[in-house]
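Residue numbering begins at 1 within each chain, and the chains themselves are lettered A, B and C in the order written.
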Amino acid sequence: MTEVPEHLLKKAAEARAKREAAAGSSAPTDAPEAKAKDEPEEVVVEPDTKAEEALEVLKEALGDAILASHIEPHRGLWIRVGAQDWRAAASAARDALDCKFFDFLSAIDWLPSPYGRELEAEQDLNEAKEPEEMSWGYTGGETRFQMLARVYSLSHHIGVMIKADLPDDEPRIDSLIPVYAGANWHEREAIEMFGIAVNDHPDVRNIYLPGGFEGHPMRKDYPLLARRMKPWPGIVDVELMPGDES
Amino acid sequence: MSVSEQEQLAYIAAQAADARVNLELETEDGMTLNMGPQHPATHGTLRLVAKLDGEQVVAAEPIMGYMHRGYEKLTEVRTYPQVTTLINRIDWLGSFANEVPFILAAEQLMEVEAPPRAQWIRTILFEMSRIANISLYIGDMAVQIGATTPIFFAFRDREHILNQIERVTGGRFHPNFDRIGGLKDDLPAGWIEETKAVIKKMQTFCDQMDDLVAGNEIFQARTRGIGVIPAEVALSYGLSGANLRGSGVDWDLRRDQPCGLVYDQCDWKVWTHPDGDSYSRFWVRLQETREACNIVDQLLDNIPSGPIMAKVPRIIKVPAGEAYVATENPLGEMGYYVVSKGDLTPFRVKIRSASFSNMSICPWVLKGVFVPDIIAILGSLYFILGDIDR
Amino acid sequence: MNVLADLAYWQETIIKVLIGLAAVLLPAGTIVYLYLFKMMSFMQSRLGPMEAGPFGSMQPLAEVGKWIQKEDIFPTKADKRVFAAAPFVVLMSTFLLVIILPGGPDATFVDLNVGIYFGLAVSSVSVIGILMAGWSSANKYSLLGGIRAAGQLIAYELPMILAVVGVVIQAGTMNMQGIVFAQAEGEIFGWGGIGNPYIITQFLGFVIFMIAIQAELTQPPFDMPIAESELISGYLTEYSGIRFLLFFIGEFATSGVFSAIAATLFLGGWYVPGIDPHNDIFNVIGPLILFGKMMLVAFFIYWFRFTYPRFREDQLQRLAWKVLIPLSLVNIVATGVLKVVL
């Protein structure tokens, strides 16, 4: 397991402190309304009543466990829970919302890549870049790693994206296998790719990587070695759009 | 280049480690049969370790990774248009269908919409890649069960479809034709009439296969009641596509989650089969090929005129946000969870490929079956190695 | 044979061995080219081999040349002597089988008075060869294939023998020559226009016999011992080069010989209606007529082979024990009763 660079952790902690200070009294639970207002909306989007109802159901089942939620009208419903509520959130989605269909499970490493985009390979390699601040997507976040799962309700036609913050010092989460049997392989993939520990997983073996592989390739601080070996030309191949020839 | 020797060594070690095997094969009781990675029934490089008691399987464990190409990592260092080239290689038999959900996800984030003509042509090509993919499956399933002839018919007739795809896109297998905001090119002259003739041929092919394979008593004896997956189990393992519909779940993303494709413009039916066995999965796919022919045939009649490309900037930067778009691909639900930070490249792309979830049921469904049934079940679950390993 | 009668024993033997070789290899080559290469290709809308010789007719020779050149690989853990001997055991049963075939009223290798009994007995020897191959390869797939083959071949021996019993009862002899004469001189309910080819009176027996030889030859739909999509050619997995070629020849020659036996038992063998069966001309045209009938029977074997998917092992056993054997017993009883009554 590769170490998270010290300065990045410090940056992340600083960013977190700054954001919390800025947010002030408004707790992250109020995020959906705040976010929806912030969004630039050219067209009037009908409110997604189905997603709102589903969120109500989940809130009823989970209570304060939902740290944040987000609705993109007609595109999806996101909720964020703490690591300890991960399995509870999944079983609440399954039981209260009838989400029987297990779509996928994965993780996100929110650390900005210390290697840049590796597009302009030469510069990226030669200049030590000033790392960006850590920032999170929908529903925000607090830690570097987030678990991500999507479950779907065939009867209500609504999918729920569940995120969970993983502790920075030791990314560890409960297994979803008791709730969704299909989570097994997805968790194995997350374990090896992100170096996340999963409690009571019956079969912690590498699913893709060879047995003796070191490191967790999907972490942002794991360098893409192919690019080290052979620089990428970057964006030189911008192709003309049709009718753009003149 | 500032490549340290250590990094070089690490790279070489990683490459060499691919060749190693990470599993203990010796068991105390019974025989361990190692099927693959070079086994004709595993379509490439899937490996199946089956513990046998006589010819009965006590436990079976698929082992993947022989073809893992790390697309999720690679997408993070490619611009959005470059990503389509990669993801073409996920399900290589129906490549065009791989591009569509990713492009749709990017379009959703950018809030652009392809013009109607582009949507129409996309849908047509999407369904044609489904026909190309599943027609091969139909022949392949028969060859797994032991009939040698249908696969040749499948190859013969799939060629017509591939020719038509090639005439539009220039690529038989990897079209790389979709662009954010539309398509690369318009249809060539005379293509619609030719495609209509090809669709007729494919409908004849489906009738032939119905007769030759699905109607065969031995085929039915080999597949009926084999590998039964109840709907509840199928859902919890995330099975999708015809595998789910073969278990009697009336669920089709084309109808239930339409996004960016024009399935609502034609009259078609979602086929399900209540049995949940190998035969029902085969049968549902056969009907789906027919239905896809039907859809293409209807859509060809009324392609709207107009541009094929929406206004998009030359250099594509996708606004920050997250989107998950899934479509009903030939193998099942294929989706891309795209996280963008407003950059040229995606921040994270989670590829939800159908075969990965479909195969994850293997240890469950293969328990207690006989060796010949392994083939019937694996064949009917239908996986493409590129779709499992990504 | 009049011509051979004047020769010394060793001369006669050499000539018979040469004819025997030709009788095994020529049908095998013809079947491989005509049915396996060309007919299968046409059924699958392909051309098949087209380059070697006119219409690819020299392709079998090219294949033989290829296999002879290839390395003869022994797996490290194989039981080497058994592994090496197995193809010869299989081929031996084919050569033993061919000697019971009569090609004309006098053209016989050996005129055994228990001809068909001997034939069915030596045909079982190939099981031993296949078991040897499966066991000695030190390969799990080969072992599974060999054991499947043993189970299958022994199971289908029974319906095959029982189907032949009907013919033997009707002909009143086990001599192959006698069976041909009985068909040539027989009558169907008093009408002797075409003799009495037993395919008409023993149709059930013929069908059972054809199914049984399909299984004996491990051809689809009964090819589980080989089953390339699950067992990767089963007991043949580890064989290469000339030893594989021997198995290959054995397979196709045996299919030719079994077709010829079926033609002799049920289609009148070397006899065609209209000519007196004792006419000497049959010594010349008889082998050709038998060859023609053999190809006709082989056509059906290969037609089924290219059309049907494969049974599962238990379904195959069920078919043998629950369907074919009872049916053939019924056939024997019916034949016996009719024989006594008529």
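In the analysis below, a residue touches a chain if its C-beta (ideal position, glycine included) is under 8 Å from a C-beta of that chain, and two chains touch if they have at least 3 such contacts.
These figures come from a predicted structure and were not determined experimentally.
Asks: Per-chain Cα mean versus the mean over all protein Cα atoms: which chain has them closest together?
Replies: Answer for the innermost chain: B.
Asks: Just the chain pair, please, that has the highest number of C-beta contacts.
Replies: That would be the chain pair A-B.
Asks: Any idea how many Å lie between the Cα centroids of chain A and chain B?
Replies: Here chain A and chain B have centroids separated by 25 Å.
Asks: Averaged over CA atoms, how far is the centre of chain A from the centre of chain C? Could you give it in whole Å?
Replies: 67
Asks: Between chain B and chain C, what's the gap in Å when you average each chain's C-alpha atoms?
Replies: 45
Asks: Taking the touch rule as given, give the residues of chain B at its contact with chain C in the complex, in rising order.
Replies: 31, 33-34, 39-41, 55, 142-149, 152-153, 156, 212-213, 216, 218-219, 221-222, 370-375
Asks: Using the touch definition from the top, list the residues of chain A that touch chain B in their complex.
Replies: 42, 72, 75-76, 78, 100-104, 106, 108-109, 113, 117-119, 125-126, 135, 137-138, 148, 150, 154, 157, 159, 161, 180-182, 184-186, 193, 205-214, 217-218, 223-229, 231-232, 235, 237-239, 241-244
Asks: For the complex, give me every residue of chain B touching chain A.
Replies: Touching chain A: residues 1-3, 7-8, 10-11, 14, 17-23, 64-65, 68, 70, 72-74, 76-77, 79, 81-82, 108, 111, 179, 184-186, 232-233, 235-239, 249, 251, 256-257, 307-309, 312, 314-315, 320-324, 326, 333, 335, 337, 339, 341, 343-345, 348, 350, 352, 356-357, 359-361, 364, 389 of chain B.
Asks: Sort out for me which residues of chain C touch chain B in the complex.
Replies: 40, 43-46, 140-141, 144, 220-221, 223-224, 227-232, 306-315
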